[in-house]
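Each of the two complexes below includes subunit A, the first together with subunit B, the second together with subunit C.
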Partner chain A sequence: MWAKIKNWLEIRIGLTELIQTQLTEYRVPKNINLFYTLGFVALVFFVLQVVTGFFLLFYYIPHSETAFRSVQEIMSTVPYGWLVRQMHVVGSTLMFVCVFLHFIAVFFMGGYKKPRELTWVVGTFMFFVTIVFCLSGYLLPWSQMSYWATTIATTMPTAFPYIGDMVGNLMKGSPQVSGLTLNRFFALHVTLLPLILVILIGLHLFLVRRIGISSPPFGRAEEAERPWKKYHHVSHPDGHPFYPDFVLKEVVMLMIFFALMFFIISFLPTLLLPEESNIAADPFKTPAHIKPEWYFLAPYQMLKIIPNKFLGISLQIILSLLFILWPFLDTKEEVNILKRRRLLAFFVLGVFLWVVFTIWGKVS
Partner chain B sequence: MLTLLGLTTVGSIVYPLGRFLAPPGEKDKSKQISLKRSEIPAGEAKDIPFAGMPAMVINLPGRGFVAFSRVCSHLGCLVDYDKVRNRIFCPCHAAVFDLEGNVVTGPPPRPLQKLPLRVEGESIVIG
Partner chain C sequence: MRYILPLFILLILPSVAQADWKEQFEKEFLTRPWAGVQVQRNVCIECHSSEMMKPEDRDIPRKWETSWHSQNGISCHNCHGGDPNDAENAMSPQRGYVGTPKPAQIPEFCGKCHAGILKNFLESGHGKALKTSGKGPNCVTCHGSHTVQKASIQIINEPLCTKCHSYGRVKEMRQALLLTENRMNEIEKSLKELKTEGVFTEEEDKSLFSTQAEFRILFHTEDVSLVKKRTDEFAHKLSSIQAKIQKTFEEIKFRKNFSAFLMMIFAGMAIGFGLLAKTPKE
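And then the complex of A and B:
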């Protein structure tokens, strides 16, 4: 039976050749490390979000009168509803962690450098789409946390004169966060954003394959192709096969993240669903100690300490643009960050400040 | 000619889309609200909805009644009257306003919106 299917496919799509060129004979650099697997893990977690999100839609009712109750019922009445929702909630955070670590690894290994600038830029867009995913999904349970986090996010554009109010109202659909906002965010979360992210993932993977996987800059000879004058595929003829060697590495990393997800679901179930997430949204009461999700704590703290709203939000936009356009700003040939002390100091300082602002935002 | 056709096509898509996305008009926006003086003892505040937004009336001892929008001018969280410390506080980014609505500390760019209020006999009329 299997042989017949294989033969059927062989005749039509050249299965054996496809497996050879794309998996067994496709080579990755010899010194590739575990950090190179984070993109794959993020992709799997995105698929997990799609699957768990699809099942949540069976019971979730996107209306301000019913959304909170339907989520509570998923958690308490629907058999294993808690598991599906927790996988969606914890999975989204771990997807964010993967993307974040992936960026740190790519930056540290100089993977953004010529000819991979476009791969980086597409990656940054994916990162921002992920943030909008988190933000739009955050409102859907219609809890106090979701309501007030969304109020803050949708008020941010008002820092800008003339168009700020209009943009804020377009996002909300009403002067305050309301059922109309919920509908807009729901539509965004389940239709437009997945479509955009799938297109960006396709483009990102195309670029990775088209250009070729970069190799870590540590302990290797300078790439022979430098300087890059015209397009060619970066191959690694002396490298390890993509399958099974690299795929096994990816599976190891995936298992670590899955273990972490189930550990959080089993032993720390309230870590990402604190008390305020179990209180229905009250448009007339801002909770006393409202904090955003951990990944927004650094920008939250920055907004808190900068005395001017316009300045605070403008600074965050400038930092985002720096992040997107970084490959075009750092044009030095040297890829090894350890040989570039100023860049290394900038990198360490950036990560350090992010950690400090996150902890400060949490405890302040 | 081609440009004109192109602009017409784009306009005929963008305009209806813009109108579709723009917030529909508010139906319930009563411009005046009336309370009884006895509802707010001295040193206390009462939260009220006013013109579709959260507001509050504070009875300041010796100074009478004042009304503010509760929407923080920073990022839209709702402020609360802190009678112990005699201030108005926003829990989101720790902004502090005085009892005139002026910013004391924190990132809000402007004071709280003060609402017109008058006392008519035993009634307080806001708006």
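And then the complex of A and C:
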């Protein structure tokens, strides 16, 4: 039976040749490391979000009157609803962590350099779409925690003069976070954002395969073709086969992340769903200590400590633009960050400040 | 790098022109409700906290803040009437202001919300004494006023009761209540524990609240035999709440074990695939 199917496909799409060119004969650099697998893990976690989100939609009712109750029903009465929701919640955070670590790894290994500028830029857009995904999904349970965290997040753009209020109102659909905001965020979360992210993922993967996987700049000679004058595929004829060598590495990393996800669900179930997530949203009762989601803590804290709203938001826009356009700003030929002291210091300082602002935002 | 300077000029310079620095920032940004400061105008609190108020009345807002009423969003106007949003008409009878009740009026004053208790209290010895001679105890005698706390069996104590009469019958009543009260406290603790585990306990909370309210209404009749007679009925209700809680604890345990099992499977697979990746290939 299997042989028949294989033969059927062989005649029509040239299955053997496809497997050879795309998997077994496709080579990756010899010194490739585990950090190169993070993109794949993020992709699988996105698929996990789609699958768990699909099942959550069976029971979730997107209305301010019913959303909270329906989520609580998923957690208490729907068979294994708690597991699906926890996988969705913890999985989204781990997806964000993967994307974040992927960026750090690519930056550290100079993977954004010519000819891969476009791959980086598309990646940054995916990063921002992931943030909007998290933001829009956070409101949907309609709990006190999600309501007030969204209130903070949607108020942050109002720091921008003239158009800030308009942007805030456009997000909310009303002066305060309301049922209208819930509808907007829900529509974004389940229709537009998945579509945009799938297109960007397709483009990102196309660029990675079309240009060829970059190799770590450490402990080996620099890629031969520099300066880059015309297009050609970067192949690694002396490298390891993509399948099974690199695929096995990817699977190992994926299993580690899955084990981590179930560790959090099992032993830290309230890490992302604390007590406040079990209290229905009440627009008239502001909790004493409210915070945005953890990935917004750094920009939130930054806005709080800079005593000029416009300066604060301007700095954030500049940092975002720097992030997106970095490959065009760093045009030096040297790829190895260890040989570039100033860039290394900038990198370490950036990560350090992000961590400090996040912790500061949490405890302040 | 040559783009950075123009970018900075483009975005940073207008911020200097904007120049709304610290004060305006704090006013517009940090004092919004989401910044953690609850902006809620209440003229009763504003006036009573001001210097124009007599010292004994100035302390009322602070006392109220520590109360069970405050924790449950019951504010000045909910008891005293009036309009907390309009300074000029805050104490206008047209806006329902009733002011401070006389001792004999207090049961009806509190009974606007605590209707069940009011009926039993008025039929009790305490209530009858208050209504006939005006000298009997009222709600405030035992529960206090602005500092009112969540009712508990501790309110029934010798120093308080012996201010007016002997403790003999009270002791009997306290013993009749004790077992049920202790069970209710245990359930309350368990529900709190479930909440910290991230479990939604609204249904059990409501059941406990209504059972507690019903039981405490009964106490205000001061009829020990009635309390004893109905104790079994309450025990049955509490048992059914406890059974639900026990089931939830078991469910939490199952969830923990099930996801830990999945964790072990994936950790094992990570080790297995890791070893496979290390195996030299031909």
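Following the convention adopted for this analysis, the second predicted complex is superposed on the first by the 364 of 364 C-alpha atoms of A that agree within 3 Å, B and C clash if a C-alpha of one lies under 4 Å from a C-alpha of the other, contacts with A are read in each partner's own complex, and residues count from 1 in each chain.
Here, a residue touches a chain if its C-beta (ideal position, glycine included) is under 8 Å from a C-beta of that chain, and two chains touch if they have at least 3 such contacts.
Model, not experiment: these values are computed from the prediction.
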Combined model on subunit A where subunit B meets subunit C, clash or fit: clash
Touching partner for A:Leu329 - first (subunit B), second (subunit C), both, neither: second
A:His289 touches, of subunit B and subunit C: first, second, both or neither? both
First, second, both or neither for A:Ser277, with subunit B first and subunit C second: second
Which superposed partner A:Ser174 touches (first subunit B, second subunit C, both, neither): first
Partner chain in contact with A:Lys309 - subunit B first, subunit C second, else both or neither: both
Which partner reaches more residues of subunit A (counting touched residues only), subunit B or subunit C: C
Residue range of subunit C overlapping subunit B upon superposition on chain A, of 39-47, 183-191 or 237-245: 39-47
On subunit A, positions contacted by subunit B and by subunit C: 148, 151-152, 155, 159, 285-286, 288-290, 303-304, 307-310
Subunit C to subunit A touching residues, read off their complex: 1, 3-4, 7-8, 11-12, 14-15, 18-22, 25-26, 28-30, 32-34, 36, 38, 73, 195-202, 255-260, 262-263, 266-267, 269-270, 273-274, 276-277, 281
Of all residues in subunit A, those that touch subunit C in their complex: 72, 75-76, 82-83, 86, 148, 151-152, 155, 159, 161, 244-245, 248-249, 251-252, 255-256, 258-259, 262-263, 265-267, 269-270, 273-275, 277-278, 285-286, 288-290, 303-304, 307-311, 314-315, 317-318, 321-322, 325, 328-330
Residue ranges of subunit B touching subunit A (in the complex, touch as defined): 21-24, 26, 47, 49, 52-54, 71, 74-80, 90-94, 106-109
Residues of subunit A touching subunit B in the complex: 148, 151-152, 154-156, 158-159, 169-170, 172-176, 180, 283-290, 300, 303-310, 312, 364
